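What follows is a pair of complexes built around chain A, which joins chain B in one and chain C in the other.
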Partner chain A sequence: MLLLQLLINGVALGAAYALVALGFVLILNATSAVNFAQGDLVMVGGFVSVAAAGLIPVPGIVLLPLVVIFMAVFGLGFSLLAYFPLKSRPTVSVFISTIALGIVFQNGANALFGPEPRVAPPLITGGTLKLGEFIISRQSLSIIVVAAILIAAQHLMFAKTQFGRRLRATAQNRRMAQAVGIPVNWMIAATFAMAAALAGAAGLLLANQHFVSPTEGSDLIIKAYIAVVIGGWGSVPGAVVGAMLIAMFEVILSAYISYPLATGLLYATLLAILFFRPQGLFGEILQKRA
Partner chain B sequence: MKGYHRLLTAGTALALAATIAPATAQEINFPVIVPVTGILAIEGKAQRNGALLAIRQAAIKVKHKVIDTGSKPAGAANALERALSGGGVTAVVASIFGPEMLAMMPIAKDAKVPLLTISGTAKITELGNPYVFRFFPGDAITKVAHADYVVSVLGKKKPAIIYQTTAYGQSGRKHLVDNFKKLGVTPVMQEALSFSVKDMLPVLSKAKKAGADVLVVHLHSGPTALLIKQAAAMGLNLPIVAGSAMHQPTTAALLEPKELAGVCAESGSSPISGGGPAMKSFLAAYKKMFGSAPDAFSLGAYDAVNMALKVVKGGARTAEAVRAGLSKMTYKGLAMTYKSDGKGNMAHSAVIMCYDGKTRVPTIVKTYVNVSGVL
Partner chain C sequence: MSRISGQAGATAARGRSLGWFGVGIRLPLTAGAVVVLAVALSGNSYDLRILTFAGVYALLVIGYQFIFGYAGALSLAQGAFFGVGAYVTGILGSQLGWPFLVTFPLSILLPAILAVVIAAPVLKLETHYFALATLGVGQVVLLLAINWESVTGGANGLPGVPGVRLLFWDVPKGLPMLTFVWALVAGGAGLAWQITRGLYGRAFEVMRENTFAAMSVGIDIAKLRFVALVMSALYAGAAGALYVHTIRIISTETLEFPIMVAVLTMAVVGGRARIAGAIVGAIILIHLPEWFRFLDEYYLIAYGLAALFMIIVAPYGLVGALERLRQRVWPEPPPVAPAPLAPPARRRAVSRDEGPLLAVRELNKAFGGIIAADNLEFDIARGDIVGLIGPNGSGKTTLVNLITGIYRADKGKILLGGKPISGLPAHKIARRGIARTFQNINLVDDMSALDNVAVASGQAEGFGFRRALTTLGPDKALKRARGVAMHFLGVLGVADEALKNCRELPYGIKRRVEIARALALGPEILILDEPAAGLNEEEQADLANRLRRLADDGLTLFVIEHNMPFLMPLAKTMICLDYGRLIAAGTPQEIAKHPGVIEAYLGPPDED
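The block that comes next holds the complex of A and B.
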């Protein structure tokens, strides 16, 4: 019974981490640059949810589209500052610019909202469902459902739509995509918008269950980075699997051994993967594609 | 003769001016060097606000400049060097963050400038630095109250200790274990949580499995609220006695009043729980100036600055004179009576407060006065 309860909590946390990791992978594939501000974009999404809930006191599910749209626009602005002015420079310039903007976002949130953790509204309703001895948080279930819908929608968009194919073409080979008439810069801007929109959704989902504070992003970016390394650098399904794996270490393993030991084992697993399978769990697909 | 008298009067006036001038011309300068950003920003801002309110209410003009340390020891050391570089510093309102204090202390000792802090880290007053003055009860005081309340008042014998992996958490755990041992109680579980832990179900399940009859918590603000929220959600039905982070109104604001039912916490004080006219006046002035409710950290910083100002009003004009005054004076502040134990520990009392499940305002249920026996 406890294991099932832990599993649901783990999947809910993993689903939220997966949204963070997916946004990270999208930008990585489109630009070959690591966006170190992805965690801070999640934090911004969390605070936007808190602010929106203050203005419009409705459940999170109603706010979700508003937050996603706002963050998509925010992502466009982010690309104009962090990526486009530096796109012809070495990729390390973009690393640095995203770190710098992340710090600006942290201090901006601190100045606007204060350093205190804040709580966003639940997606539908708070509280728990009790089925015999089994107690499950409604928010956890909502997170799993909403994250699954968002991940599936993103997968369908990439696989089945012309827009998605253009985005993939841009990610695979920018010069070739440009040669066949794909507006590459627009595709990259759209990728930033989507990554920020996913961050916004993750921010809203996490800010109810786990609160949001200005320094939240630093921790999330480390988890996204690990998820992507475990899953395979640039692999979309790998990012989801990597995020789930991190959550399972954090929630299930730590229920049986101590938290510090579970964290140590997570990093040991990461090192083992880097040693025995440096391309990550889903790395072969990436190699074939390359 | 007349001329002689004029000369004498003028000479006396000049002599008087010469004696008074250094005292009046000497500016009172209290730089406020605290974390306003970074992981300790909540506590740092509370400390800053309390100090600024005391400075604003002071009868004398106090020069002050707030410098953000960024919750980083190097930032704190640089900020102190910068503040001291202009000279004329009377005393420094210094960071609540223990590691930052440890970085600032050697600099303050060299410059012979007193540091007024509310940091709970035990080590800062154990290094023999005569320029450190702590205006918040450290773990050596609060954990006596924490453990005693659990065992003697609640009658619990199987505590599960949940603490942070940080220096703050480790220090609290050590003092809790020591005090439980003195009371003949052995914790049934001890678990350290890092700041990044999001899901509290594993640790709560372990406490339940270990047969705990009370959760003794020593976590920072966010993790404390997360743990209480999840304990309420899973219907754990165990009393929770938390560390001082729980007393902060900003922590309680993250929780519904019903989630707080059965939750108690230790602290140096609880300004929002009310008190006499002076406390009410402090509460009103603080809310007017900052638009939020004060916590024990604000009050500790407020009392610290007011005590230093009392020393200044008593004639101390140099940093060294202020240090000497602080180390000798007994001062009745709003939170408690302060007196140095010879190591710079000024606060010797603690309170336990509990939430009734109906409001976010706790009630003080027990006061532990003069725990160290210094007063």
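The block that comes next holds the complex of A and C.
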């Protein structure tokens, strides 16, 4: 019984992490740069949800589109500061510029909302659901459903729409995409908008059960980073699997052993995966031609 | 980076007695010293404390430049090494009351041991996998510090860490401690500069910018990366110890991620792979928040924006910006190329007995289902010029990569002078006497042609870590290597381009610089992968003449080429590959008439 409940909570957390990791992978694939502020964008999304709920007291599911749209615009602004001035530089510059903006976001949130954790409204209602003997958190279930819909929608967009194909072309070979007339810079800006929108959704989903505080971004980015590396650098399904794996360690394993031990085991597993499969679980070995 | 080699070239050429000293870092170091001195003399105790912390970070970042700057690996373990050094001093000092002179060496040693332990699994990982693995190491150490309460004091840490005590003198807070820390920074900077100022530093540069180039000139990449990681840990340990001596309490804060982030930011803002960059970055980023204090709670927002601004306006870091500014106001005299120097007598690593120089036996290699080398067998005789032809995708470059150790064969043997070389790492094969060029040119773009070649000719000098440490005065090995490099650039007729960065050179010149680099290794056999590609007819004829002259001097040549008008008159023997198989071997005339070869290029003859 306990295991099943833990499993549902774990999948819910993993689904939220997957949204964080997906945003990270989108930018990574489009620009080959690491967005180290992805976790801070999630934090911003969480606080935007908190603020929006204070203005209009409706359930999270109604706020979600608002938060997503706001964050998409925020993501555009973010790319103008963190990426476009540096687009022809070594990618480590973007690593640093996003760190710098992350510091700005953290301290901005701190100045506006204070350092205490805040809570956003649940997606539909709080409380639990009784199915026979199971007691399941409604919020966990709704997180799983909403995240699954968002991930599926994103997958369909990439696979089936012309816009998605253009984004993929840009990610795969920017010069070639430009040569066939794709507005590459707009595609990259759109990628940032989408990554920030996903972060906003993740922020809203996480800020109910797990609260939101100004400094949570660095913890989240480390998790997203791990998820993406475990899955294979740049692999979208890999990122989802990696996120789930982390959540399982955090929720299920730490319920049976202690949290620090579970975290320690997570890193040990990570190092073992890298040792035996240096390209991650879903990654391909790329060999540069000599 | 270009500036380092350019200036060093200039100085070596001028040959002033002290010209070698502090090349490239004199100005920023002087500026840094002025700032430190000004604050030290005028500041209040708070200013002195902040500047002491800046010194601690400077030491930490100088160390980080080894792995992140010189080796070019995004290590996220520097914070962990720092924390381990801090904990060693913190625990031994506060709990056992051990003095500085005992705890300091231990604080340096333990992170280095940690680096040695993690090196084997971690260093073979590439880019972000390496970054994450090092991050993982840091997180495990942090967890250990939080949960091993009986020893580390857990999340609360341990108070009562003593100050620095040198034998019978307690170094007081304030100016004396500041002086002590900055003296160590100066020592650390001097050591880092000593290690990287000569040929050894150039080898790091090549390794960072182009791994294929590095392997082809015999640079042991794994060893350099190992040295860089351990050096970074040594510096981090020292910085960690000084840090807890200054704040007098050890806590998990020293192991947390913000320190790592600060180090990375300092290195990039100050200037990557620059010692002065580490110092300037540390001073600026430690003081930035202080300068914005008047903004009250918004000061860290201003700090973040300022860091972003510096990244955007100074692509080569603040030190790079300073040097460019200086070059504009007070330009240095244009560098002069060194005089060519005859290469040392070729060392004979290969016995001079009869039998083929290179023998390939039953060589097999498959990539998934594609067979790139199918039971290949052939010999290359000493002094021969062998041409290798075959349609696109027939496995020519794969064969070169197998011989030079970039790929490992699935089966079969390769013998050089009768001794097996298959299975050896690429850099060892290069040192044994097999030099090569690449189909897609692999030079270090931001380095002068001269230094690109000098790294290869320097192999004869046998540079390395110990050599770098013990070089006094100007690096004579580098000077000789550059002289020999000038000789080989002359052999290829491109000596006039020696001081230009390879990025600025036209394609045809780059090809010849690459050949000069291969020759500078003093090889037994030179393998050229499409040397005539992209050259006009005049350049092709010139190159063919020069190659023929090299062969006349006893060098064995193995030339891969599509261009038959170039290859046919040059080659004495030819072999032809198709689908990984050897389909023909013989004189150029025989090959030209060989039905198998014609079929491979033109398709099967028509039925009718």
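Observations on the structure shown:
Keep in mind that, in the parts below, the second predicted complex is superposed on the first by the 282 of 290 C-alpha atoms of A that agree within 3 Å, B and C clash if a C-alpha of one lies under 4 Å from a C-alpha of the other, contacts with A are read in each partner's own complex, and residues count from 1 in each chain.
Just so it is clear, a contact is a pair of C-beta atoms (placed from the backbone, for glycine too) under 8 Å apart; a residue touches a chain by one contact, two chains touch by 3 or more.
Please read these numbers as outputs of a predicted model, since none were measured by experiment.
Legend: residue contacts after superposition of the two complexes on their common chain; A:27 is shown touching neither chain B nor chain C. By the touch criterion defined above, A:110 lies against chain B and chain C together after alignment on the C-alpha atoms of chain A. Once chain A of one complex is fitted onto chain A of the other, the partner contacts of A:211 are limited to chain B, with no touch recorded for chain C.
Of the two partner chains placed by superposition, only chain B is touched by A:251; chain C is not.
Residue contacts after overlaying the shared chain place A:135 against chain B, while chain C stays out of touching range. Of the two partner chains placed by superposition, only chain C is touched by A:81; chain B is not.
In the superposition on chain A, no contact is made by A:67 with either chain B or chain C. Touch criterion not met for A:143: it reaches neither chain B nor chain C.
In the superposition on chain A, A:263 contacts both chain B and chain C. With the contact threshold set out at the top, residues 106-107, 110, 260, 263 of chain A are in contact with chain B in one structure and with chain C in the other. Residue ranges of chain A in contact with chain B, taken from their complex: 2, 5-6, 9-10, 13, 106-107, 110, 114-119, 127-128, 130, 135, 137, 206, 209-211, 213-215, 219, 250-252, 254-255, 258-260, 263.
Put simply, chain B touches chain A in their complex at residues 36-39, 41-42, 44-45, 165, 191-199, 201-203, 205-206, 221-222, 225-226, 233-235, 250, 253-254. Chain C meets chain A in the complex at residues 74, 121, 124-126, 128-129, 132-133, 135-137, 139-140, 143-144, 146-147, 212, 257-258, 261, 264-265, 268-269, 272, 297-298, 300-301, 303-305, 307-308, 311-312, 315, 397, 400-401, 406, 438-440, 442.
Chain A makes touch with chain C in their complex at residues 34, 81-82, 85-86, 89, 92-93, 95-97, 99-104, 106-108, 110-111, 218, 222, 225-226, 229, 233, 260, 263-264, 267-268, 270-271, 274-275, 278-280, 288-290.
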